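Look for chain A in each of the two complexes below; its partner is chain B in the first and chain C in the second.
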Partner chain A sequence: MPETSAGTLTAPAKPARQKPGGTLYRGREGMWSWVLHRITGVAIFFFLLVHILDTALVRVSPEAYNAVIGTYQTPIMGLGEVALVGAIVFHAFNGLRIILVDFWAWATRHQKLLFWIVVGLWVVTMLAFTPRHLINVFSH
Partner chain B sequence: MTAMEFSARPPRRGINLEKWGWIYMRASGVVLIVLIFGHLFMNLMVGDGVKAIDFGFVGGKWADPFWQWWDVLMLWLALIHGANGMRTIVNDYTNPGVVQKVLKGALFAAAAALIVLGTLVVFTFEPCPVGAPADLLPSFCAA
Partner chain C sequence: MSTTTLEQPPAAEAAIQSFTVTFLIRRFDPDVDTEPRWQDFDVEMYATDRVLDALHKIKWEQDGSLTFRRSCAHGICGSDAMRINGRNRLACKTLIKDLDISKPIYVEAIKGLPLEKDLIVDMEPFFASYREVQPFLIAGSAPVAGKERVQSVAERAIFDDTTKCILCAACTSSCPVFWTDGQYFGPAAIVNAHRFIFDSRDEGSQTRLDILNDKEGVWRCRTTFNCTEACPRGIEVTKAIAEVKQAIMRGKP
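And now, the complex of A and B:
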């Protein structure tokens, strides 16, 4: 037994597939969860800055507010809102995943499974939102 | 290394702001999920969704202190959560120095200015401005 394992260690029949830097993290669920959390977070932050400014126009005049909010109702912005809600929903569910991973040992061990649960919940939520929103945008 | 060398390190004084920042991101995040999902549901899913949003819609919503406080709480929690998240990213991708200071200063200034602006807008909002066309105003203005 020791001989065979030593043999495979020193002279592998086939070189093991190259893995980056001795980590199981890079390129896996944990990394994509982290990357997507960053990207969606930055996107939502910049939308928030714009959204507070456009809403502040209610203090200028009804005409000014209606003119700007009208641009949110165009087809292109309607599709953009699907992307925005998609970013928010992912950030929300993945944020809950982060909290669970931080505070609950079971979740830490099963963080990969939790990532796929986040993806599944995201799909379900977007299936509920997207048709409803696009019907509103493209009808009337 | 001996135990004495460990204890020679001076104990940290005062409150640990990074720890409270970490806690804030999680606590505010949970509350924001409720606030923002509610906001999206009321504004995009109910009735005609985004097509129904205009000055009259906002006026009708903010006639109720419940939605005023909902939106103000969302404003404060989201901007601080967002600005703090951006600060984390600035820390990750820049070295200490002038650029980092400028970026963090800009984040702080933007968040502070928009919190003040947004709070003032919600609480000084005039739903029935004098001289505005009646068809642009909430229905209760006619009374």
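And now, the complex of A and C:
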């Protein structure tokens, strides 16, 4: 009961900041998992585009390939790789969740639990990957 | 004796605490405004009042130009779906005690359908999708003279959930896929198709499955569960859509 909070509300609240486009729809876990899935999906697509181009370069000129790959050996790219692996791991686990939701009635009722399991698996995977990867990146 | 009983109710009423609640309503008058604007109203409310009561008080006591739809006011007709604090709800089923009234309560029209005035949207695209799935019994044979079409309890239970729809559009207008271009059939149309697809007395299931196998049909569902969360009747909308997807893959209900 918001009785206490209502008691303090004597003066009319200022017409809070205006939101011309309307409020953001306050979806729950399902909507945010979809938003993350879409963002990571698009990010992975652009990575693959660049990745296929730079790998194809080895057919054109091995020297050019080595030069391009050489520019990736920087700490900034190393951190970028953490983000890339994070995106792929989330996309993979959440993809499995979506398959379960589509084919299993139980999963449609427990999709929130499944989302937090996905988050948990993501955290465990990243905890295992990130320290080892960053040691490699920064010890060179 | 009669005077004492008459005097008692006012005393009891005075004991019930009322609160000043601020409502921020997103208003749009097509004759004056080019863009919707937010307007705030302070309303004296009881914890057991509903958001619809607040809208009534504003319209009747403060600003008669406030425009919204409502008919039965008891969660049956489905006319007053609106976005309350960013979520699709029926104004007549949302109690003040369930909202945080230390902050203003945001009320705006549902999303994804053309805004006409204040809280009223054009529902025609929504009903067009509904009509398209042929939401009526299709049967080639007549029932035995003087009898109804027989159905077992188990057969009826398969589609029981989707018979509860009141066509308020809370689900369809909560769907991010529907917001993008409004071409998607939307959850409500699929729910009402589900109601007949899985009805053992109906013979038009294949037609409806073909309609929903369209590229704007069930396959655009991204299982965000906004519809299930928004449904004021508690229909498991995403589950119903998943069942239609599976029926299309099987080729039969």
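What we mean here is this: the second predicted complex is superposed on the first by the 114 of 140 C-alpha atoms of A that agree within 3 Å, B and C clash if a C-alpha of one lies under 4 Å from a C-alpha of the other, contacts with A are read in each partner's own complex, and residues count from 1 in each chain.
Everything below uses one rule, namely that a contact is a pair of C-beta atoms (placed from the backbone, for glycine too) under 8 Å apart; a residue touches a chain by one contact, two chains touch by 3 or more.
What you are looking at is a predicted structure, and each value in this text was computed from that prediction instead of being measured.
J.: Considering only the touch criterion stated at the top, classify A:71 as touching first (chain B), second (chain C), both, or neither.
T.: After superposing on A, A:71 lies clear of both chain B and chain C.
J.: Answer with first, second, both or neither: which of chain B and chain C does A:31 touch in the superposed model?
T.: second
J.: Have a look at where A:41 lands relative to chain B and chain C in the superposition and call it first, second, both or neither.
T.: In the superposition, A:41 touches chain B alone.
J.: Going by the contact rule set out at the top, does A:102 touch chain B (first), chain C (second), both, or neither?
T.: both
J.: With the two structures laid over each other on chain A, which partner does A:49 touch: chain B (first), chain C (second), both, or neither?
T.: First partner only, chain B.
J.: Once chain A of both complexes is superposed, is A:59 in touch with chain B (first), chain C (second), both, or neither?
T.: first
J.: For A:85, decide between first (touching chain B), second (touching chain C), both and neither.
T.: A:85 contacts chain B only, not chain C.
J.: List the residues of chain A that touch chain B in one complex and chain C in the other.
T.: Overlap of chain B and chain C footprints on chain A: residues 98, 102.
J.: Where on chain A is chain B touching in the complex?
T.: It comes out as residues 38, 41-42, 44-45, 48-49, 52-53, 55-56, 58-59, 61-63, 65-66, 69-70, 72-73, 78, 81, 85, 88, 92, 95-96, 98-99, 102, 129, 132-133, 136-137, 140.
J.: Would you pull the chain C residues touching chain A in the complex into a rising list?
T.: Within the complex, chain C touches chain A at residues 17, 19-22, 24, 26, 35-40, 42, 47, 83, 85-87, 97, 99-104, 106, 108, 111, 174, 176, 222-226, 228-229, 236, 238-239, 242-243, 245-246.
J.: Provide the residue numbers of chain B that touch chain A in the complex, in ascending order.
T.: Residues 26, 29-30, 32-33, 36-37, 40, 44-45, 48-51, 53-56, 58-59, 75, 78-79, 82-83, 85-86, 89, 110, 114, 117-118, 120-121, 124-126, 129, 132-133, 136-137 of chain B touch chain A in their complex.
J.: Where on chain A does chain C make contact in their complex?
T.: It comes out as residues 1-3, 5-10, 12-13, 15-16, 18-20, 22-31, 33-34, 98, 101-103, 105, 108-109, 111.
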